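Both complexes below contain chain A, partnered by chain B and then by chain C.
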Partner chain A sequence: MKKFFLLLLLTFSLFASDSKDVLRAQIIEKIISNISINEVITVWSDNKELIAEFRKSSNIITTDDCGKANIVVIENAKNIENKDCKNKPVFVLNYNLLKDVPESFGAFFWKKGRPNIVLIKPRTLSHGITIAKELEAYVEEKIW
Partner chain B sequence: MHIFAFFVLFSTLVFAQEQGLDNLLSEYREASELSHQTKQEKSGHVTIFTRANLDKMQAYTLNDIFKTLKMFTLKNSSFGSTALVKSPYSEHSMSSVKIYINSYEVTSITAGTGIAQFGKMGLNHIDHIEVYQASNAIAFHGEPGNMTIKLYTKNPSRENATVLQGSTDSKGGNRGQIIDAQNFDEYSYLANIDVSGNKFDKEKNINNKELSRDSGRGQLYINFAKKNDYFIEGGASKEKSDIFNGFAKNVESGDITTTYSYLQFTKNLPSQTEFIISGTYENVDVKSSDTFGIPLFDTSLSNNLDVASGSYTYDILLQKHHNYEDHNFLFGAEAKLKTFFLNSLHSNGIEKSYPIGPKNLDIYMLFAEDSYDINEEHQITLGAKADYHDNHFTKADTEYILRLAYLAKLSKELSFKGFVQKGYVYPIFSQTTFSPVITPNPNLKVSKNRIMKAEIEYKKEKLALTFGTGVSKSKDGIVFNQTEGTYVNSNKNSDFSQFFINLEYRFSVENKLLAEYFRAYKDNYSFTSDKGALVQLYTTFGKFDFYNELVYRSSYVSVDGVYMDAGYDYTAGAIYHYSENLNIKLKGENIFNKAIETSINGAKIPALERRGILTLEYIF
Partner chain C sequence: MVKRKEFIIFFLLFLLSLFFLYVYSDITKAKNEIFDRIEHHQIEQISFVLKNIEKDILDSSENLGSNDLVAMFGNTTIREEYEHIISLMLTSNVKYAYILHKDNENRFRFLLDASKSDKAEFYQKFDVTSPEYEAVYKEKKPQIIEQHDIENLYLTYLYPIISNGQVVGLFSIDITTNIQKIILESIKPLETFFAVLIIFVLLLMGMTIMQIFHYFVTRKRIFTDPLTKTFNRNYLEEISPLLNLEHYSLAMLDLDKFKSINDSYGHKAGDYVLSRASMIFKESIRDSDILVRYGGEEFLLLINNRSNNKTNIDVCERLRSNISKELFTYDTNDIKVTVSIGLHKHPSLEKNLQEAIKLADEMLYVAKKSGRNRVITYDEKQSSESSSSTSSKDISFVKEALDENRVLCYFQPIYDHKSGEIFKYEALVRIVSKNGTIVSPIQFLPGLKNTNMHYKLTQRILLIVFEKFRSSQKMVSININFSDLINPDIEETIIKHLSENHHLASRVTFEILESDKIDDVELFKKKINLLHSLKAKVSIDDFGSGYSNFKTIIDVEANFLKIDGSLIRNIATHNKDFRVVKSIVHFARQSNMQTVAEFVHSKEVYEKLLMLDIDYMQGFYISEPKASLAEKEDLFKKAI
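And then the complex of A and B:
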């Protein structure tokens, strides 16, 4: 069944050939590749699909130990409570987490049926994060 | 003409591929479209309107979608509402169209489907629309339909916003919409309110009497869900419309007030089992004054007619999916209980008695379907449904639906779909039970039909080319007999055949061109366009979205013998995304005022008039 429906999905869903997990990982990888923090970036995430995709890429270094990461990507704030990485720069996968997690500096999220990216300038500065020109269009001064 | 030239020039200049993150975001949005999860290729010829398409089209109402559908023409009824008419039949024939909002089946006593009442339904809360032609009358459960339109509401986890939208148009109409959708852990809700005042040009009938179809409409939709557990949704709408031509020849004044409300509860049970229960209430109040008098069912004449009728419908469904090796089974049982009521029938201020026919219709349904993967390239689906009808008036009967679907991937570029279905159309209350102007026929039999459809699709890189064809045969078609003044089962041939060709070319994720042509063939009379075409151009350029649409329908001679010119409805729109929070939208409908028209008592009117619409959208 599985194979047939996969085939159909690939055939009938025009231009949806890249799965959304792959594309999501590519987007976040592109964001991380365009920021710098004066050291080699190592990423930890509470999202297993995302980490699995990152590991297929040669452009991003991942770790299973969030204490060794210098960029943390989360979808649930509870997953970094009481962990060594809770004070590290955090990129969130839900806009509301920007309000809940003071260490968060950016978000990839859905709003009005569209995926969005936002980077909060004062927070990137407080983490010593430099943003490349390609990301300037996504920089905002404050959380809405 | 200048506007047309502007849009064409602009649209053709901007096919540059977007680069970088914006392009990745567009690709991600497209790969995440909810239609990828809901679309059923085995269930018919499918046309999808994604939320991105609906946004660019500035599709505010269902009519904006209806007018583009192949094999159908959006026309008008004598009462001012729109009618989706199957080519090349007349607007008086039943087109067997079903509308679903999520898994709720819209039902109406007045027309059998929700088309008449829901044409002006706002689409602000709708994520995407799937239109199935030669549709699966088994897997979609409920009453059978040859075309099924499935509206899926927005996913609150992707909305996370409150959006306010206000529109005003060049005819003096206006629309206000507000939607709020949020997601909290495993809970979510969506609420949408839509209020509109709809204005149209006044028309003159054959006696030089002014006809109006202005209306006001309000609708509310709300849902609340717990992820993978339950889903509660409900809707209510009220529309008051001038009666336009109404029942007869020389209407003085009158209006139609329609109220509709429903509530549905869906529970996900273990082992891919789903339980759905719903209740629907509908009320239609018609007031009409006529100088010459409206000829009623009993041959009397009414100068002032007041009719209030309605219905209750209860539906309960249990269905289960089960996978075993290469089989994907669907089993289900459903009961639908419909009750018609006549609140009042006053003619010239005096209450009339009425020899009413069956007031109830209980339908008990059993269905099963098996989709079997022959191998990786071929799938066959077999389905059967038994519907037991009891109207507590005439003898109960059981009707059967049988369906075969075959899907094949013939090569890397070629795929094939074929469907054979044996089904039926059950008469509606206005034919068997009550109508103020005709004598109902409680002894009407169901109309049986058989359809055979196939399509072949070629896809390579950015191009998709589809060719489809099919034949339909029916027996005992339900038609109105002028001599007898009632509906009868016709023994005349109403078979037809059709073909369509569809081309889609994607310049990039946000830029695409769609072109479509269809033709329907019928041996005897054709009362609606038998040929049609559609061209749609979706374009994005920086902060601007552009949309161009041309709907062609061929000339025809209407039921009343009036020759109607071919229609060319050109619609165009532009959206300026001013900021993260504000969008400014401009749309021109039927810009050349050449859309296909309907002949009603001397007046020739398009379903959607030439109109400019300005909209401001604010996102909180």
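And then the complex of A and C:
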């Protein structure tokens, strides 16, 4: 059912280009809600719109201090360079960032106008992240 | 005629809007057809190219399997070579071109991506949601995905790479919305133009509908009597030119003693009775019959007799019976109501509707005279024997005047030359016409003879005079003819007002026209005795002009004898007339009656009458009739 909901979100994201930011936030929120790191998830992001949307959510705690976060969502690798959070689990908003940021474990991005999700299994394991069954369809063994 | 014009405009607008809708839908159809043709043409072109590339790929290896394809494009040199070839397809319309492969876990992966932007890595996973991707594998046929929802994409063309009957991969070509946008932009002004035209025409249609609706609402208000919810006289005037009287019988209905209901229970009760009675009328007639409130408590009924000639009497009897059976209860008062009906079975035999109404009204008068609560039918045979001098126009004229309260009385002094005082006044009917002129009775009264309208007019005059002289000391004469005198409603009015006010009764003289034919002398005497018993006085009017029966005149013991004007007019010059008047004066004295001479128009006539010692005189020489009561000093102004 949850998988269906995510698929529905992915499909729905195709219909509403005006609220792409909102949908992206909802999808990422859904992904984060379906992973487990043995503590309450606190998110920091370099994307202001995303953080604004997360703040509306009751499932995610956000922080302005990168060091206090246990999940970091970035769209630019430079934004976490020399920061306390550079070793924390990173979720990226661009496929190529998976290659550039070794701590990244997953990505959400638009490929040819379609929404795509990738979760890299070895990296999730190294961060002690457990992935729910609903997200298994998006799990990859490596970055291609 | 407004109605017809509005309908034509509405119909034209309707046709116009249909035409515009047709053009608009044609433009939309043409647009879609252009899209389809472009799409078909584009896909055909792409298919040819892809087929060649597919052939080239398959030619490079025999029995190429799915994994072989992955291995083949895993080679960067080969991949880049094919990416280069496929990229040649990229145009402003073809945005992305890539090859996908479905792996063992049913995930689609990029084998190569020839796109110039948003390029994917080799074997990168591609999340697809459209079922057409699976359909390519299943059906082994190209698929088209109409991309309504992906930004800047119009459609995706999926072309299978088939090796040994198996789909080993697929080409995916994303076509942008460029052409669609260009076509839409070029057609849009035309579409907008027609859309605006259609909206405009629809608005006009709406306005026309509103106008037609307004017309019908107004029409209903104009043609409906607000109290009884029946048609009114405006409606009758509207339909009369179109009415085929051959299909109808005509009945005039009048609620009996309606005035006494108003007087006894109040006007609200009267309104209730009218409203309830009209409801009973409506329930008693058929849809094809037309009921019109003709004025006051009088209704006109057009009975459709196409099916059965006897229906008209049945309907009238049913109406009469239903009304008499009904007990009208208003404010705890039980009111008994009956209706008199005059029926003309064949109104088409008359010159026009007004003539037919007049005859039905005459029958109504007979019904009233015969005791009310009955239907009297017009007998054409009897009618053909007697010529009618009545005018239908007069009936309408008087009816309207009564309804609109334009009936009034003028008063002419009757002079007592012995005392030099005004003895009394004669009340004379006048009608104020719609343009404000005063119409004298000679212009309408002869046309009312023997109609129901005549007694209604008499009744109104009685009420005006009684009201005016109720609290006065002056005396008054009222003209009344025999047929009025025997009318039950008039009799009731006289009794009601005079029996309770002897002071008024003693000052009222009823001038009974001697020229009227008196069929029933005994009845006449009885009615005169009734007037005497009320202490009212009686005068024989126009004496010397009619069927003088001296015995009857003596028997009724009239108080006054008014000598006809035709004898007085020429008395100064015609010796014969002088002698006749002299005889009449002598006869009156012998019979204990006082004499009155009318038509005293000159000094010569006045002096001759003085010689005859006439008791009282009236005429223009003394004073003309006026709306107000003339005083002594107003007399003989003409003589000066």
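Quick note on the criterion: the second predicted complex is superposed on the first by the 126 of 144 C-alpha atoms of A that agree within 3 Å, B and C clash if a C-alpha of one lies under 4 Å from a C-alpha of the other, contacts with A are read in each partner's own complex, and residues count from 1 in each chain.
Definition applied: a contact is a pair of C-beta atoms (placed from the backbone, for glycine too) under 8 Å apart; a residue touches a chain by one contact, two chains touch by 3 or more.
Since we're looking at a predicted model, the values are computed, not measured.
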**Item:** chain B versus chain C, judged by how many residues of chain A each one touches
**Value:** B
**Request:** State whether A:Asn82 touches chain B only (first), chain C only (second), both chains, or neither.
**Result:** neither
**Asked** So, A:Asn38: does it touch chain B (first), chain C (second), both, or neither?
**Response** neither
**Request:** Pick one for A:Ile27: touches chain B only (first), chain C only (second), both, or neither.
**Result:** first
**Request:** Could you look at A:Ile117 and tell me whether it touches chain B, chain C, both or neither (first, second, both, neither)?
**Result:** both
**Asked** What is the contact status of A:Ser58 with respect to chain B (first) and chain C (second): first, second, both, or neither?
**Response** neither
**Item:** Residues of chain A contacting chain B in one complex and chain C in the other
**Value:** 7, 11, 14-15, 95, 110-117, 138
**Complete:** Listed in rising order, the residues of chain A that touch chain B in the complex are 1, 3-4, 7-9, 11-16, 18-20, 23-24, 26-27, 30-31, 95-96, 109-117, 134-135, 138
**Fill in**
Per the touch rule above, chain A residues touching chain C in the complex are 7, 10-11, 14-15, 17, 95, 110-118, 137-138, 140, 144
**Fill in**
Within their complex, chain C touches chain A through residues 96, 98, 107, 109, 115, 118, 120-129, 147, 149-153, 174
**Message:** Residue numbers of chain B touching chain A in their complex, please.
**Reply:** 20-21, 24-25, 27-33, 36, 39, 41, 51, 127, 154, 157-161, 163, 323, 326-328, 371, 373, 375-377, 379, 407, 409, 415, 459, 464, 504, 506, 509, 619
